[in-house]
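Multiple structures follow.
There are two complexes below, and they share chain A, which is joined by chain B in the first and by chain C in the second.
After this line comes the complex of A and B, so read on.
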């Protein structure tokens, strides 16, 4: 297995890419989509272990940071959902030119799962998606983020924190250190996976028992399957600490189930 | 001069450490970001990247490393992270060897957060690096494990978590561990306080910047420890700053901005 960290320019923006290349490739490439906010930090080890395990199976794994997040260029307040979409085709081109894959699978976690699904719509060559704990309803996610923020400030007795920020004369809402523009908030408000128009895709969802949105996930499956345009499978994984615990937890059960699923398919 | 970002890989038969360099070629100063035990190379709320980008504008280079316990790096020897000093010293020595080889003319300044602070300070002292920046520094006990976790507070937070009640319902809560965390460590901490104060191995050569969060539940205890060591003459120069309306991880954009300004001013 060979790992390479590199910075590449896509659409005039500096992107950080961590690629895992197997010694003997099965010519399939898996692209990871990160979650946002502090959820990114919490899944770092899980992502890393899962990427290495997939690489041992022969898959080339590409992990990248969106512009304005992680190690990629840009200020944190410069993150923009529209940029994720506009630059995705450049990323796909780069991957095709570098690795010449026969198939591409998108692997998204939390908000990354939603971004993976939305991006796959414009890429008909992408047939398979693996989504871990996807956020079905953006409005509800935003509400949860705001509640979590309030609870955090109350528990820590932090007062007079500004809800709204003005950065370079633009208004932002502060999510515990991550400023979100009003355009991004509007996008999240409207985002609902059940309404997405995915055609001819095979979607596999891994749902742990740490987040109580089971009904929403089942509803999403039903809605997509009514359209008969794509198939959705849900795998329930007993990994209660995946999202509930504050710091590094053992996620090997989840990684193992993902590996078993991929090797059997 | 244009700032560049380039990945750094330190690889030998024992480790493979990943880092990102940001800055100009042959920088006068290189700030080395070392994560807390459960942290990654971007730091809480991408703080390390933001500080690094800001310092670039002042021609200060930086390297953000991650360590194996929570990051992408690999420890082939499987050093036990519970023995924090050994864990950090092992990886810091690899980082230091690399820095001396790659940046022999640059001034090296380590910066870390929380539980990573004491190991980097002691390592800097031993390796004649004269400036260190500590963010929300904790302190370690003589038996080299974490002692000053405010377990009661952590358990209070856990009360609001669904998983706690789930575990209670299925009788999976480890009551023995909770009792020992709350009572045993607390009493042991009091007993060893004097020993701990004397345990900081520095001899007055390091210029230190300590930054705390005003609402950090461990503020009083940690501030007392570091001030006491300053009075004892264990540092060459000691600067302390408290970020108002901020917790242990400086959550919030304004706290991060304040932190950034303070670090930048101190370095200049």
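After this line comes the complex of A and C, so read on.
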């Protein structure tokens, strides 16, 4: 297995890309979509272990940071959902030119699952998606984030928490150090995976017992399958440690179930 | 007499709620709870709770009594939650909805 970390210019923006290339490729490429906010840090080890395990199966695995996040260019406040969509086609072109894959699978975690699914709509060649703990309802996710922010301030005894930030004369809402523009907040308010118009895709969801809210995932499956445009399978995984604590957790159960599923399909 | 009856009812409810909260906290903390004796006055900051574990506890309430997160958000004052008892009181309040 060979791993390469590089910066690539896509649509005039600097992107950090981490590629995992197998010694013997099966000509399939899996693109990882990160979660956002502090959830990105929490899944770092899980992502790394899963990417390497998939690579050992023969998949080329691509991990990247959205513009304004992680190692990619741009300040944190420059992250924009519309940029994720506008630059995805450039990323796909880069992957096709570099790895010549016969198939591309999108692998998204939490909010990354939503971004993977929405991006797949404009790419009919993408037939399969693997979503780990997807956010089904953006409005509800915002409510969770706002409650978490208050709980975080309370737990850490932070008194003067500013609800709004002013950066370059633009208003942002602060989420424990991650500023979100009002355009991004409006996008999240409207986002609902159950309303997405996905056609001819096979969606596999991995739902752990570390985060509640199983009903929304089941409703998503029902709504998509009523349209008969795509199939949705849900795998429930006993992995309560998934979010337990930063990188010191054992998420091997979840990785193993994903590997077993991919090996058998 | 009516007052005594009501008082007894609240005590029983609180005990049940405490057991439910203990169960949820134990599930969220996993192996870490084996050596912790959870009591009503146990502080969340003393048992390694962070904001994600906290929100999971609140989502657990949602499943436990089939109430939506919006209602929980309307009833909760995050700044007032310090101990298990604070969440037990919240659960008792939510059960009356």
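Heads up, the rule we're going with is that the second predicted complex is superposed on the first by the 261 of 265 C-alpha atoms of A that agree within 3 Å, B and C clash if a C-alpha of one lies under 4 Å from a C-alpha of the other, contacts with A are read in each partner's own complex, and residues count from 1 in each chain.
Rule of thumb we're sticking to: a contact is a pair of C-beta atoms (placed from the backbone, for glycine too) under 8 Å apart; a residue touches a chain by one contact, two chains touch by 3 or more.
Owing to the predicted nature of the structure, the values given are computational and were not obtained by experimental measurement.
Following the overlay on chain A, a clash is recorded for the pair chain B and chain C.
By the touch criterion defined above, A:155 reaches both chain B and chain C. In the superposition on chain A, A:147 makes contact with chain C only, not with chain B.
Once the two complexes are laid over each other on the shared chain, residue contacts for A:240 go to chain B and to chain C alike. Of the two partner chains placed around the shared chain by superposition, neither chain B nor chain C is touched by A:222. When the two complexes are overlaid on their common chain A, residue A:14 makes contact with chain B while staying clear of chain C.
Which of chain B and chain C touches more residues of chain A is settled by the count: it is B.
When the shared chain is aligned, chain B and chain C each come close enough to touch A:176.
The clashing stretch of chain B relative to chain C, chosen from 73-81, 127-135, 163-171 or 253-261, is 163-171 in the chain A superposition. Shared contact residues of chain A, touching chain B in one structure and chain C in the other: 38, 151-152, 155, 176, 210, 212, 240-241, 244-245.
Against chain B, the residues of chain A that register as touching in their complex are 3, 5-7, 14, 16, 18, 38, 40-41, 44-45, 48, 69-71, 73, 75-76, 151-152, 155-162, 165, 167, 172, 174, 176-179, 210, 212, 240-241, 244-248. Contact residues on chain C toward chain A in their complex (touch as defined above): 27-30, 32, 44-45, 48-56, 58-60, 62-63, 69-70, 73, 76, 78-79, 81.
Residues 38, 42, 140, 143-144, 147-155, 176, 209-214, 240-241, 243-245 of chain A are the ones that touch chain C when the two sit in their complex.
Residues of chain B that touch chain A in their complex: 5-7, 9, 16, 18, 20, 38-42, 44-47, 49-50, 53, 64, 66, 69-72, 154, 156-157, 160-163, 166-167, 215, 217, 245-247, 250-256.
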